[in-house]
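Chains here go by letter, A, B, C and D, matching the order in which they are written, and residues are numbered from 1 within each.
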Amino acid sequence: MTTTIDAIRRQVSDLHQELVRYGLVVWTAGNVSARVPGEDLLVIKPSGVPYEELSPENMIVCDLDGNVVEGKHSPSSDTAAHAYVYRHRPDVGGVVHTHSTYACAWAARGEAVPCVLTAMADEFGAEIPIGPFALIGDDSIGRGIVETLDGHRSPAVLMKSHGVFTIGKDAKAAVKAAVMCEDVARTVHISRQLGEPLPIAQADIDSLNDRYQNVYGQRPAAAQ
Amino acid sequence: MTTTIDAIRRQVSDLHQELVRYGLVVWTAGNVSARVPGEDLLVIKPSGVPYEELSPENMIVCDLDGNVVEGKHSPSSDTAAHAYVYRHRPDVGGVVHTHSTYACAWAARGEAVPCVLTAMADEFGAEIPIGPFALIGDDSIGRGIVETLDGHRSPAVLMKSHGVFTIGKDAKAAVKAAVMCEDVARTVHISRQLGEPLPIAQADIDSLNDRYQNVYGQRPAAAQ
Amino acid sequence: MTTTIDAIRRQVSDLHQELVRYGLVVWTAGNVSARVPGEDLLVIKPSGVPYEELSPENMIVCDLDGNVVEGKHSPSSDTAAHAYVYRHRPDVGGVVHTHSTYACAWAARGEAVPCVLTAMADEFGAEIPIGPFALIGDDSIGRGIVETLDGHRSPAVLMKSHGVFTIGKDAKAAVKAAVMCEDVARTVHISRQLGEPLPIAQADIDSLNDRYQNVYGQRPAAAQ
Amino acid sequence: MTTTIDAIRRQVSDLHQELVRYGLVVWTAGNVSARVPGEDLLVIKPSGVPYEELSPENMIVCDLDGNVVEGKHSPSSDTAAHAYVYRHRPDVGGVVHTHSTYACAWAARGEAVPCVLTAMADEFGAEIPIGPFALIGDDSIGRGIVETLDGHRSPAVLMKSHGVFTIGKDAKAAVKAAVMCEDVARTVHISRQLGEPLPIAQADIDSLNDRYQNVYGQRPAAAQ
């Protein structure tokens, strides 16, 4: 088990650098976690540590109630939300939270991002939905994430007036969803500044999503 | 021939870094290809490999029907579109595909970018046109590119609800067209946010384009 | 005392790199200062020196009237404003001034940034207020900062037609406020481009701010 | 004289990197030149050479009619415009040309950038004016620059449907003007997206500009 946790610690630490590279975070406002396969444990960012000081060693290991099992720092203040997702979605192996600019701009208006790009049909298969306004401190945020994404193709949810949470089969998939979420939130926003983007027919969205998720899904490396 | 292919592999691999440098791509969503001069072959990005892991060695060699001739990975999922262009446009030596933000914003509304900057007259000689909505999986995308650019001065086409394809006499010229396409799509978008950009008279567009493409064309290194 | 001043010189020099990293400044237009604890002194950027040439050695030490105590260069032309703040706010240990883009865009219209994101409630606890139009050359800017922030939760003020000043218990906290100020000014601006952001109830703002500032405040490292 | 020209070659080569660093240029579309003090010569970028391949050695030396005196490449295609400025403005020691995004967005509408920020009053002392539409190939662009800036405080002019030219006592001052021009064009654009920026009284603009240009001008290193 130690070997697995060590690998997960490294992966979670490294993936935070992707959030920085893609401009999804400022200061310390964003975090990645991963489930430890086969254990009721998750690995998450320590609270308040700058991204350039993250290392496998200072990642925090928690149980699925968010209690610290290993780690010198406090875990991210968003740990309860991550933990809730892992408890209620056994298929989820990674969770990401950011306040990325364009996604938050939609979230601040409480508006879903409409599916008007073929890349959105591929990755999200639908609009990126809006979750409820929820205060930190209890299960409200986690529950809002799980209830909004229940039965939805999108791996991303815009929590109203707050930010983005994404899920994936592992942490890398959740990070990819966070990167693509900001990318399409930005492109659709900019498109709408000068008029209404054209709708894509539901049958075409379904066909694109099916091909991308299933046909490509049969090979190890999906995507372009 | 091996020497030529090796040189083309290196060029295609290197040119992907320009897409990253100019911010035209996120994750793995964009690709460059080049025709192998004198052969019915093309070199293209492998599918799903991150840009920082690209090398001459992992580029994929395909025939002009998109079948893999050399390579361990699958070729880009856009290979069929690239191959269609090479089969129908013998003058084309390079093709680029991106989902760059501002170009996609115009594409999502199905609107051409009007030619209102002297730099656009130089490089594109006209508006950047809109191609049809086309699903991946058959020749629709490739045919849409070729039919839209047929007889058009622009080396770039905005495929509706999808993204940008650019062509060039070689892969570097196609990359330059992709960079300039995003640059002018951004500038014209921003200009239009606060009013209507001034038109440029057709005779002036013609004169600028002729000078840039032909007068400069007589020397090896064009552009400023 | 020399040891303390040396540490403060290094901190102030280093923190200017954060302004660069987060894109808050161009050329030489922005500055950080820190109070020297237990002394009537402040350390500030030299005037007109590029950020990449800053070092602990070329920082300027001034008294709290802005007179140079140590340093070969002139101090920042904004020194009088920084000094005024330290004289009138003994709780303040750091001051930052920038012309960051989105914050200045609000300042140019004389409009406060409304508190419509949970991250704003956390960090600012209220709107980011507008201070008066004030010319450089006397105490007008300093007085405008102090009077606007008096009794306000926000550590940032948008000086009308000018730029941003932020305060903090130390220079790092003031830099964090400058980074977060631009981040929320940008997100709220973008959100408002396509409609009105949803308000957050005052009781929820109060609750979020209290938790973030006080509950987290009990541990050494606050924030996510 | 060789020593002076060598120093100017180095300065012009280095200053192009500032255009890249501040995001004012893509591909090869922008150039810096400097007058050789005491000689009827200028040093300018070679045409079509990427910024990362510029060096003091490949800079081009021209006379003030734009004829090449030293250099293996062709000089920038904008050399005639630079040369015209040096012939008609003996006070000018440096010229910069870019197609920077926000400045071009104003230029495409043929609109001057209004002076609504104190930093604009400092640097430009007035609106950034619009010059005529002019085709490349004769003296039209150079004459448009000189006539528009004649008697104007601004060191920057937006050439209609084209781009920006800036002047300075030396090349570094012209580069600074190009950087500040894009910065204020961006900030004022963004401000105007959500309403009208507040005007600054002419007397205040005059006072700010006088202080910045003259009071600071007495010391070697101006600016904050």
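Rule of thumb we're sticking to: contacts are C-beta pairs under 8 Å (C-beta built on N, C-alpha and C of every residue); 3 or more make two chains touch, one makes a residue touch a chain.
Protein identities per chain, from UniProt: A, B, C, D = L-ribulose-5-phosphate 4-epimerase.
All of these numbers come straight from a predicted model, not from anything done at the bench.
Participant: Could you find the chain whose CA centre sits the greatest distance from that of chain B?
Facilitator: Most remote chain from chain B, centroid-wise, comes out as C.
Participant: Over half shared numbers or under half: where do the identical copies chain C and chain D land at their interface, same or different?
Facilitator: Counting which numbers both chains contribute, under half are shared, so the two copies meet through different residues.
Participant: Could you put a whole-Å number on the gap between the CA centroids of chain A and chain C?
Facilitator: From the centre of chain A to the centre of chain C is 31 Å.
Participant: Just how far, in Å, is the C-alpha centre of chain D from the one of chain A?
Facilitator: Each chain reduced to its C-alpha mean, chain A and chain D end up 44 Å apart.
Participant: Going by the touch rule set out above, which residues of chain B reach two or more other chains?
Facilitator: Residue numbers touching two or more other chains: 193.
Participant: What are all the chain pairs that meet the touch criterion?
Facilitator: A-B, A-C, B-D, C-D
Participant: For the complex, give me every residue of chain A touching chain B.
Facilitator: Spelled out, the residues of chain A in touch with chain B are 22, 116-119, 176, 179-180, 183, 186-188, 190-191, 193-198, 200, 204, 207-208, 211, 216, 219, 221-224.
Participant: In the complex of these two chains, what residues of chain C are touching chain D?
Facilitator: My answer: residues 26-31, 45, 47-49, 73-74, 76-78, 99, 101-102, 104-106, 108-111, 133, 135-137, 160-163, 189, 192-193.
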